[in-house]
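As written, the chain order gives the labels A, B, C, D, E, F and G, with residue 1 at the start of each chain.
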Amino acid sequence: MTMTNRVIEEFKAEFKSVDITEAPYEKQGYHLSIEARTGNLLNIIDFLDKREFYIIDLFCVDYQDYLELVYFFNTHRELCRIKVTLKLDPVKPVAPTISNTYTIARWYEREVHEFFGVYFEGHPNLTYLFLHEEIGHYPLRKQHVPVPDGDKKLLNSFRPHEEENSFFINLGPQHPSTHGVLRVVLKMDGEYLISAEPVLGYLHRMHEKMAENKSYMQFLPNPARMDYPGALLFNLAYVEAVEKLCGIEVPERAKYIRTITCELNRIASHLLWLGAFPADLGALTPFMYAFDDRENILDILEDVTGSRLTYCYFRFGGLYNDINEETFIDATKRFIERMRERLVMYDKLITGNVIFINRVKNIGILEQGQAKKYGFSGPVIRSTGIPFDMRKVDPYAAYGSIDFEIPTGHIGDNMDRYMVRMKEIEISLNIIEEGIKRLPSGPFKTEKVPKKLKPPKGDIYNAVESTRGETGVYIVSDESDTPYRMRWRVPSYSNLMTFPHLSRGVLIADAIATLGSYDIVVPEIDR
Amino acid sequence: MQTLQEFFHVAVFAVVAVIFTISPIIIAYLLAPRTVGKKTFVTYECGIEPFGNAWIRYSVHYYIYALIFIAFDVDVLYLFPIALSYTKGGNAFEFYSLIVFVLILALAVIYAWGKGVFTWKRKILS
Amino acid sequence: MGKRSFHLETKDPIIKFAVLDKILDLARANSLWPITFGLACCAIEMMCASMARFDIARFGAEVFRPSPRQADLMIVSGTVTKKMAPILVTLYEQMPSPKWVIAMGNCAISGGPFVFEGQYNLVEGVDLLVPVDIYVPGCPPRPEGLLEGLMKLEEKITGTRRFPVPEPKW
Amino acid sequence: MIFADIIFVIIILITLGGALMTVLSGSIIYALMGLVTTMFGVAGLYIYLNAPFLAMMQILIYVGAISVLITFAIMLIGPLYKKPKEWSYPLKFILAAVVALFSFFVFAKVILKTQWTVLSKPFAISTKDIGRLLFDRLTFPFELISLVIVVAIIGAVMLSLYSRGEK
Amino acid sequence: MCDTIINIVNIVGKEVVRTVIGLVGVFIVVLGNAIMLTWTERKVAGHIQRRIGPKEVGPFGLLQSFADSVKLLGKELLTPANVEKPLYFLAPTLIFVPVLVTFVVIPFDGFLQVKDINTGILVILAFSSLTVLSILIGGWGSDNKYSLIGAVRSVAQNIAYEIPLLLALLPVILMANSFSLRDIAEAQRGAWFVVYQPIAFLIFFVASVAETNRTPFDLPEAESELVAGFHTEYSGMRFSLFFLAEYTNMFIVSAIAVTFFLGGYQGPILPGVVWFFIKTYLLVFVLLWFRWTFPRVRFDQLLNFSWKILIPVSFLNLLVTGGILKL
Amino acid sequence: MRVVADIIKGAYSLIVGMGVTIRAFFSPVVTCQYPRETVNISPRFRSHTKLVGDPENPDRTKCIVCGMCERNCPSHSIKKVEGEKKEGEKKKTATSYILDFTTCSQCGICVESCPVDALEFSDDYNPVGLKREDFHYDLVKEYEKRKKAV
Amino acid sequence: MTGIGLYNSLNVYLFIGLALLACGILGVVYRRTLISMLISIELIMNGAGLNLVAFNRFVAPESAYGMAFTLFIMGIAAAEAAIALAIIILILRRYRHVEGAKLKEMKD
């Protein structure tokens, strides 16, 4: 019996009055949908919590007549996505908080609160996370809804003045170790951190709002700007979602090229991290070496896509242009060889270094049990020993036909996260090799893509494994050529959420090492 | 007057060092243009206006290290005149007093080690 | 274009004569220490410019100072949001003069691909916040673009261009 | 050697100035700075007394060790010292000054009265002699002082650990 | 001609002339070293990272450091509003005193020494405690949180490594029975002390890396944690004085290591000065090499490494040396 | 004894690391010295767009002023696509085509959507300027300039 | 060239030592915070050391006892500082302040 059926049965037994409907997974990207009501939401959440579901995402859609809160759940053992919805009154939207069960929901709920004006009863700290003080309306609502005056005081989420005697220090937004413009407010006691609170939104670029203003085609450049180190993977998530939504078939060749380029991009992204992580620990030379290798990948990818960083290469139904077979395959093979040698060098330079080992071993330990509460994904979850990888769980592009293993760690400390990523580079190399071997010929793009995409009414959730974890895009279509609502589920967001937990009571240097080991990308978090 | 002559150089160098450091600052003062904005003189803190006190209550760890240091520093300095007059060969008495001295000193490290001064545990303050 | 809102008081140095200025300008142009200030995607290309392949160090500009007090050059590389704007201004003001700004990337120049009607969180061009000397367009610009910008800045400071102009491509 | 005299006077001024700064300055960190100045002054005097080794030890121990320890203690105490009011009661100051001056004059009288038998022999003690002395005659005090210091430190560490909350 | 010179010397006093010449020489060394070293550091860093490093400014980028220093001269000196002014101003001055004083006793050659002081090494050690002090007041006076943490760390680190440093010097003094650097250098005519004291040499070197705040012990300036450490608030020339002091300190510790363990100016064929500089810069190169290879250690590891490993080992080393000398 | 072994192992690992860096020190640099030499830039590199000349009539560009690119550009970077019908020609000729490069995201949508393939990416990889307006290219004029330069 | 040879007379040193002592006493009595009192005590110690060396130099030039004892004084000063500071910090933890004057009030 599959997971889905089991859940249906158990659910029906427990909740007689609530409907649970099976959704066509191929079309919508989730298996079950449940319509909850304010009264029974918490019970349903409890039900899911007991069955080891983790929360993928929580967001809101404004249907004008009502607001709909959408909760996505899944398990780490088996693919079983469940959409739970909750309709809210648009005038005074109030919902119960689920943050007591799922810690990560604290942030999601704050986000929903600031963008839609939804109140969550029982939320410990319902303040703004992204926006700044001057924004006087709820940006993602379809109509202009001003923020009530009473709420304005919530805008600045952090109030240090209340604690006179503590020592606060700002890490960021301009700080060498926060990888962009993350700001973390640290409360310190000597060298120790008492608590750390990330402040987000310094790079909030309104992607979700933009999506509502642009056609499907016009949104294409945006995903690449969200996660620039792994631009192609985000691009893929979006393109595949739209393809599924419109029912566009993709030729095999395009699938393989997508796989290969994505893996190249993954290596490039990991290399960027491989440089930045030791740099956080004070070693600057690996940075240069890693960029040197990365530069090789960029050369290959530039030859294919035309840009170095923010690729906008995949198109609905295929690719922007075909690869240049000889040079591409040649260069890639050369790169694979070179990279394998370099990995040995990195082992000598970084992995074996006693200082490095002492800095990362047994620091920032994440336990498996927390995976459910925080919903982190990618190398972070794999480091705890859970082999959860969208490429395996829900194969897309050509991953289904290529065999690869998933590296896992043991205890989930910084060292494990490091090792998992290093292994992933190796495995990506294998995948690329395999992909090149099997690369079929044929067209790189389907002909039948209409110039103006007008997908049928409905919604879809599509997830891929980006370099940092599960990246999902949820699109609601209303038959026009612009998405009605687009929501991005980004991995760094939930990965970062574990930081306050991990950094409590540790030395500042350890906290920074931990932050570096996540490989967060701020624009992705801020969107 | 041997000593005086020796330290005459030290004094002169020290004074010159002071002068040397002041002069470029004066030159810079004369040469540099100035731009003043609203926040130019605000203490730097990653671009955010700092809040709270910079005079922190510092952790006691450092202090204990400093305590042990002071014992060692003073005692090791006592070893210097000893080392100077340490004779080669014979007179094993000197060696014994050295051993006793060093062993007493080692007591401090052993004590601190045993007391866990050198371990920095993760502190969970609830 | 919006209104430029910066207000800075500038005073000339106490001693000033031409030859000295020339020397100082020459030195300044050849030792531009940027502040570590990466904002978004373009920051990666900025890093690339300082890495082995492009090696910004050849021009003596690899000394990325984390503190604005020791920097001469602010490379605004990426999107400036309204939340970030006051910080950027603060950092700029905290840099000792003479100081320069390079707006790198379309976002920094004009808001780039993120300008749309009804946008609520974007500063449409960093030149609305601080005076910008050099614009390097692109999304992202290639590292060569940044190097070229650096040379252009040198040209702006000293008045002459020292470096050969690479063959233009169209 | 008029030159040596001038420097000597300067050193005396530094010493006394430092001492006054220590006593009178408003903030504790300046008091500490004053102490350091005095240490340097006294070290200079040691040099004039032909004891360069002692002078260096003076700097090493007082400036390098004790003042650092005191600074750490000040830091540990933290914000309380931002602007501590040292100038409180003028009456108390007068009282203190009277006590200090009184003791000064008493001792000054003693000094002036006593006829020290100053030997005009050239002073020929080198650092080596101090070492020899420590080896030959003062072995016991020498070992003892190390013991004293170690015991004191152990006590101090114990107290500090106690205040850190770990008995 | 000669007579006049001698006359002049007689009038002003031999020592004064010596000082003046010494000062000039030392300034050449200090400035030359700083300029050379900043250039070398960047160049070495470049080549280790497989890039070029400074190149376009002057031939091989040799003028790079000049450009930097001239630029820093023409840079505005910002004094932030909240600083404790006397302390803030004093710190860069104070940090320079030990640097210069140290040069009094360093023997570049048998004769090329400003003055051989009987308590030479003690002078260096004593004045180097001023470095600690100036870092402390610099960080404290800045009224900046990063500076303060940086300063405290710096001091804790400096004092933690001072003891192994002293303990590593002791065996050499035991063997040479002198504090004077020239005597110690002379005592190595036969064999360098590094042969007898390899452990002490290692300890000394490690400790001096820590004393100069270089990677892997560069915590006070840990960029990824503390922005720029205790000199975060310093700009322009004041900052460059710290910079200068740091680079000179690198030279100094290497020079002391050379004098104590590597035979100082001793060496065949070439004149002593040349040997001295060759050896010193070799050690400096190792320092640079360290910096561009290793990550930074954590703070508690840093302190404990000194207390748990270096100090016990150097105690043992001292006792063994003492015992062997008595045989 | 384990402590000693650990220390030795640690020290060995450090030496191995130093071996890596010193080898790099003596290996050739990978730097491309930009103003003096340039890296090979892929022909597919996307800079700002350019108009392609009509192979039959080099005086005019291929553009027929249909406005597709203007409509499809995600960031509205293309403005003022205007043209006139010259005598003797079936289609319009572009007289102005303003590309505001400062908002372009180099996505290639305009190139894709042009029905007559009149657009291409140029290789202008290092544009810099002293003001924003430097990058409001008039592609028609650029085309003329380029034609003259050849 | 002859100077007055000020530095060759014992009394000068004795008076400096005395002045340090007086300053120290002044500080101990007048200063409010315990740490400043400690600093003042260090001053007194210094004065004593200075006197010892001066006597050694002028009264008994062929022995080094005075110097050795000054060395010991320095050691004692260090030990004393350590203990005193530890106590001060303990007091701080207990009473949240380190002002000597207030401490007396608390005793009652």
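In this text, a residue touches a chain if its C-beta (ideal position, glycine included) is under 8 Å from a C-beta of that chain, and two chains touch if they have at least 3 such contacts.
Given the structure is predicted, the values throughout are model-derived calculations rather than measurements.
**Q** Among the chains, which has its CA centre at the largest distance from chain B's?
**A** Greatest centre separation from chain B goes to chain F.
**Q** Counting only C-alpha atoms to place each centre, which chain is farthest from chain C?
**A** Of all chains, G has its centre farthest from that of chain C.
**Q** If I rank A-E and D-G by number of C-beta contact pairs, which comes first?
**A** Answer to which pair has more contacts is D-G.
**Q** Counting only Cα atoms for the centres, state how far chain A is from chain B in Å.
**A** 48
**Q** Averaging over Cα atoms per chain, report the distance between chain C and chain E in Å.
**A** So the centre of chain C lies 36 Å away from the centre of chain E.
**Q** Can you compute the centre-to-centre distance for chain B and chain G, using the mean CA position of each chain? Integer Å is fine.
**A** 21
**Q** Distance between chain F and chain G based on Cα centroids, please, to the nearest Å.
**A** Distance between chain centres, rounded to whole Å: 75 Å.
**Q** By residue number and range, which residues of chain F touch two or more other chains?
**A** Residues 14, 17, 20-21, 24, 29-31, 33, 41, 74-75, 105-106.
**Q** At which residue positions does chain D touch at least two other chains?
**A** Within chain D, the residues that touch at least two other chains are 1, 4, 48, 50-53, 55, 57, 60-61, 64-66, 68-69, 72-73, 75-77, 79, 81, 127-130, 134, 145, 149, 152-153, 156-157, 160, 163.
**Q** Name the residues of chain E that each touch 2 or more other chains.
**A** Counting only residues that touch two or more other chains, chain E contributes 46, 48-52, 55, 73-78, 117-118, 122-123, 127, 145-146, 149, 152, 159, 162, 177, 179, 223, 227, 232-233, 236, 292-294, 300.
**Q** Under the touch definition given earlier, write down the residues of chain F that touch chain E in their complex.
**A** For chain F paired with chain E, touching residues are 7, 14, 17-18, 20-22, 24-31, 33.
**Q** For the complex, which residues does chain F have touching chain A?
**A** Against chain A, the touching part of chain F is residues 9-11, 13-14, 16-17, 19-21, 24, 30, 41-42, 44-46, 72-75, 105-109, 112-113, 121.
**Q** For chain G, which residues count as touching chain D in their complex?
**A** 1-7, 10-16, 18-27, 29-33, 35-36, 38-40, 42-43, 46, 49-50, 53-65, 67-68, 70-72, 74-83, 85-90, 92-93, 97-98, 101
**Q** In their complex, what parts of chain D are in touch with chain E?
**A** 29-30, 33, 36, 43, 52-53, 55-57, 59-60, 63-65, 67-68, 71-72, 75, 126-128
**Q** For a test of understanding, state which residues of chain G touch chain B in their complex under the given definition.
**A** Contacts found on chain G: 71, 74-75, 78-79, 81-82, 85-86, 89.
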